[in-house]
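Chain naming follows the written order as A, B and C, and within any one chain the residues start at number 1.
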Amino acid sequence: MTLAADLRLVLGADRVLDHPLDLQIYAKDAGVTPGTVAAVVFPETTQEVAAVVRIAVVHEVPIVARGAGTGLSGGAVPTRPGLVVALTRLNQIWEVDEAAHTAWVGPGVINLELSQHTTPLGLHYAPDPSSQSACTIGGNVGTNAGGPHCLAEGSTVSHILAVELVTAGGDVLLLGGAAPDPIGLDLVGVVVGSEGTMGLVTKVLVKLTENAPEVRTLLLAFPTIEAAAETVSSVVAGGIVPAALELMDRPMIEAVENFKSCGFPLDAAAVLIAEVAGHPAAVEAEAQLVADAGAAAGATEIRIAATAAERDLIWLGRKSAFGAVAYAAPDYYLHDTVVPRTRLVEAMSGIYEIGERYGISMLNVFHAGDGNLHPLVAFDAKEPGMLEKVRAAADEMVKLSIEVGGALSGEHGIGLEKRDLMGEMFSAVDLDAQARLRDAFDPIGILNPDKVLPEGSRCFDFGLVANLDPESAA
Amino acid sequence: MGWETDHAPRQDELDGCVTCGLCLPHCPTFRLTGSESASPRGRLAAMAAVAAGTAEVDERFEEVMGLCLQCRACEPVCPSVVPFGRAMEGARAEIAVQLPTRRRKLRAWLLGRVLPSRTAVRVASMLAAFAQRLRLHKLPIRLLSRIGGLRRLPLGGPSRAGESRTAAGERVGTAALLIGCVQDAWFGSVNEAAMELLTAAGYDVSAPSGQSCCGALAAHDGAAAATERLAATNVAAFANYDVVVATAAGCSAHLAGYGEWASGGEELADRARDITVVVAEAIADGRLPRLPPRAISVAMQDPCHLRHAQNVVGETREIVSAAGYEPVEIDDKGLCCGAAGAYVLSQPKTSDELGLHKANQVRASEATIVASANPGCEMQLRFHLGDRYDVRHPIELYAEACRGFS
Amino acid sequence: MTFAAIEEWQVSAPEGAPAGALVVAPPNLDAVARVLGWASEVGRPVLPWGGGTRMGPSGGVVPEVVVLTSQLTRVVDWQPDDLTLVVEAGALVDDVEAMLAERQQSAVLAERANGSTIGGMIASGASGYRRLRYGPTRDRILETVMASGDGRVFTSGGRVVKNVTGYDIPRLACGSLGSLGIIGQVCLKLWPVPESAATLDVTVDAFDGLYRPMALLETEDGAMAYLAGTAEEVAGQAAAVGAHAQPGLQWPMPLGGDVQIELRVPSPLTSAAVTQLRNAGATEFRAQHGIGLVAAEFDSWSSERLEELRTWAEGQGGAAVVLASPQSDIDRWGQAPGSVDLQRRVKAAFDPRRIMVPGRLPGGV
């Protein structure tokens, strides 16, 4: 029997798509690279996911898990004709434990809707990627997603206590638990951020965070990027970790104002959005500290949002950034690299230089507090050679980030996009260790192959013999 | 292969999509199915595949497009401002031409000829009125069962076609009323309320007899030729009025897109308003009164073609408040009720799921009056809510309150 | 590599090390890798040794080689403005924290570390009481450089505070108890130390009224809440619960007895866990409210008591872990997790010859 026929036996006709049109529809996520799809399935239970995995194993078809398809690194796109397992229907909020501040949810639950669901309890789910109105918890687990508020609260992995995992063999495992420090190896931490290469997550126990009793949002305008970056450093050096520290450069300010008019100062070279949250007594003092740091660095304007509406307007500006670019240009390529906070200025000027050299227009908005850069290239893919140019510039930017001590990706994931750049950061031995870890989870290489690790990660094998050779050891 | 008509989705409309996926959670059919193929991004991808020559306008393409409610909830949340509703009408027009089935031809005739014919609608209404009295809607036949969603129909009644009234008080301009196809026959009291309120607000009001059905349903179904013909008729009938007012959200939204369908359509579109916008404006200006509050809640249901297509949300609340009621929100996302014009008949399963969901949202609010500014939505809500609930157009509630007060 | 080459790194055994084992203190991580490569080759079980403070029951197999990290003590790179610290695994927690305190920073490792090393703290998966505010230690390990069981030196993670480049092996290393290899160097995320802190004498009931405390502890002497932040915040919160506040964070003395059991349960069950341990005859205990960890000390060993506690804790989705026992072959963990086969494969990925503390993890992994 064919793959689709076997799948239909388990799921029925309605929940298996294999018409060429559907396969094209599923060939892309929010990234720029299309893939090839063999079939798409919509399981509704853990058991169905397990059954689907076993069928794929029999047919030797790669399995790619997919949530809302808002990923930017191609993680949800099969590279060879693969089975896309859409986990969107596993969207139940099973249980919210108010006392423990936890919730069991399906991977298809939408990030923002989980927080909306727990708002009456004074709780929220802290990681807030810009796509949070659409992206799913399962997708967040896959990429270890971040967001502006991860500066103080940590990325997704810090908020996942347990997962139910369907393994490459079709078994169902519970990893982690509601109790602290589950015994044995911490496999939850391996699964989070593994981009569907370690198994399919069918249930998630998330940690919920108490809503801050008081929040202050500030908008600071600066005559130079350097002054804004200096403020970031001195705020952090000053002993506080704000809830968020976001930086936007002039081209981005202009694009946002064109799109949504949030009242951002158009004459500034950069604006910094800072948010402090916590106990009312602390928030007042910390907001002042941020304002003072800004003033000392030469801020031309310091606004402290007085009302919820003013705060919302500032965040609307920040969260509209990608939309603003989408509005202004037919295509965009959104980068994601991290550098040490102290190397921000250096990295930024390098990135501007690369942009100029390639003649591409670039806008910047990023999580300055944790050095997570998001240069955004606006372009038209229909212009011949443009996409190649944009990609080449992207590679240079990533390499620059590594040179100043950074990493390939802060929150979007490696996926397909940066797989071949892994060697910039890791040696053959390092990659081999990662490949072995992956093989422990997926010995047959059926889960999202061609992602995360570059080809040849495993063929490195210097093994014991070389290591024991006194000549080479010396 | 490829597109065959002038109405086809245009390349710039398709290229506008940056595939970010932010539309997905706002799409009712994506919410129900979790399928990209039932999402705005997926539908645009399917259209792009046809445009690129990698897919055909085949039965699957028709299914993918057919499941769309055309509620346009995806439009206001799209960062790239893709005119999705327009592209979808284009795709439907292509399907009509490339996959001409007998059933579709029949629908085109119904939507293009029968529905715009006042005589035909009156005859059908009379039959429906008899059917109501014979309780035929209790029979397990879908078309008949939907009669249960209608208000109690009169066995006959006046059409407002050709009627004119003069402004009461200071005159602010002239208004033409689009009386609509079913609105005239089935929801006469809404048009009556509109005429009363427009004259009270200072308009000389006419319902020009040369007018026709707006053509929204034909456009949604891809009956492009009929849509063009109806639009041309109305462009001629509605010349020389300051404003052209529609009392159904679906109609006012379609008038706003007339530029696509008739020469001179854009000019008409500039003058076209939904009745709720005109009335809310008159209340804000003090041309219509604010009545004292009474402690009665009204559940607010937003027709997609007001909320998503025209960004009209506050106006209906204003009107209901001015009538003295307390507007109650039932759905902060404004998910479609599943009526969606002829969708209620073409996609019964999806339509029912959404209708039940919406009815449950109303029930959770504990209000027993529901304000809805579109006849399709009203019928859907009545059908799924049952007799305990009263579903009314906001301007009806307001006009009645004004009558009681004066 | 011959046995003789390793012999030059041989040192005398630290107190508490298994008798008869070869004890070496390699000068650097490459040397550690060579020892492990040799041990893999000849199939000798290895026990990594940091401060020797958190060794716990050995789990059955007697190690033949003990590898000390006592030569790996350098502070490699401290970037106060980045709030990151790169340090070798053998450095003492107390020394590192004292250094960081000069710039009002902290790695937020266990308070009162008493000779524990950075590597030991990480490998044992131990967190400080302040995890209530800052999260467990594993949230702060940004990068590890390790020698795997088969003698390869590899780096994972990166020296930035936010990173999704490759698999999170640093997190896996945390709490691995030396079963994958030996941690040679780590990059830690630091936190600024708040300007003001206080310790409040309260009752357990008052815990709920506090916003984001550093820690909420209960011991046999009573309940204590630990606050830190701006002076106004600390004073305001203390006033709000009407409690007596001592300045600074006054941590209780660590438990020290030969018989220690820790219950790990969902956080709302912390008080229930205290009751269980008291009923079982605990003489002293340290309960972390809001976390669900309660460690207790007993006067004497009793297998029945352990079984009862275990039955209860496992029934709540938790565990009863033996931290110290006079019986060295005691089952430290109880019921192994359902993922034990996968755990075994993961261990084998790094330690194919199964020389690293075999049997030390649950389920004999």
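As a working rule, a residue touches a chain if its C-beta (ideal position, glycine included) is under 8 Å from a C-beta of that chain, and two chains touch if they have at least 3 such contacts.
Model, not experiment: these values are computed from the prediction.
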Most heavily contacting chain pair (counted by C-beta pairs in contact): A-C
Centroid-based (C-alpha) most distant chain relative to subunit A: B
Cα-centroid distance, subunit A relative to subunit B, in whole angstrom: 40
Where subunit A and subunit C are represented by their mean Cα positions, the distance between them in whole Å: 29
Chain centre separation (subunit B, subunit C; CA means) in Å: 64
Subunit C partner contacts - residues on subunit A that touch it in the complex: 97, 99-102, 143-144, 146, 150, 154-155, 157-158, 167, 173-175, 177-187, 189-190, 192-194, 210, 213, 233, 236-241, 278-282, 284-286, 338-342, 367, 370-372, 405-414, 418, 422, 425-427, 429-434, 436-441, 443, 452-453, 462-464, 467-470, 473
Contact set on subunit C toward subunit A in their complex: 1-2, 5, 30, 33-34, 37-38, 40-41, 79-84, 104, 125, 127, 135-136, 138-139, 148, 150-156, 158-169, 171-172, 174-176, 179, 191-195, 211-212, 229-230, 232-233, 235-237, 264-268, 291-293, 313, 316-319, 321, 333-334, 336-340, 342-343, 345-350, 361-363, 365
Sites on subunit B touched by subunit A in the complex: 15-16, 18-25, 33-37, 41-42, 45-46, 49, 54-55, 58, 60-61, 64, 77, 79-81
List of subunit A residues in touch with subunit B within their complex: 17, 19-22, 24-30, 40, 42, 68-70, 86, 88-89, 91, 108, 110, 113, 131, 133-135, 259, 320, 322-324, 326-327, 330-332, 382
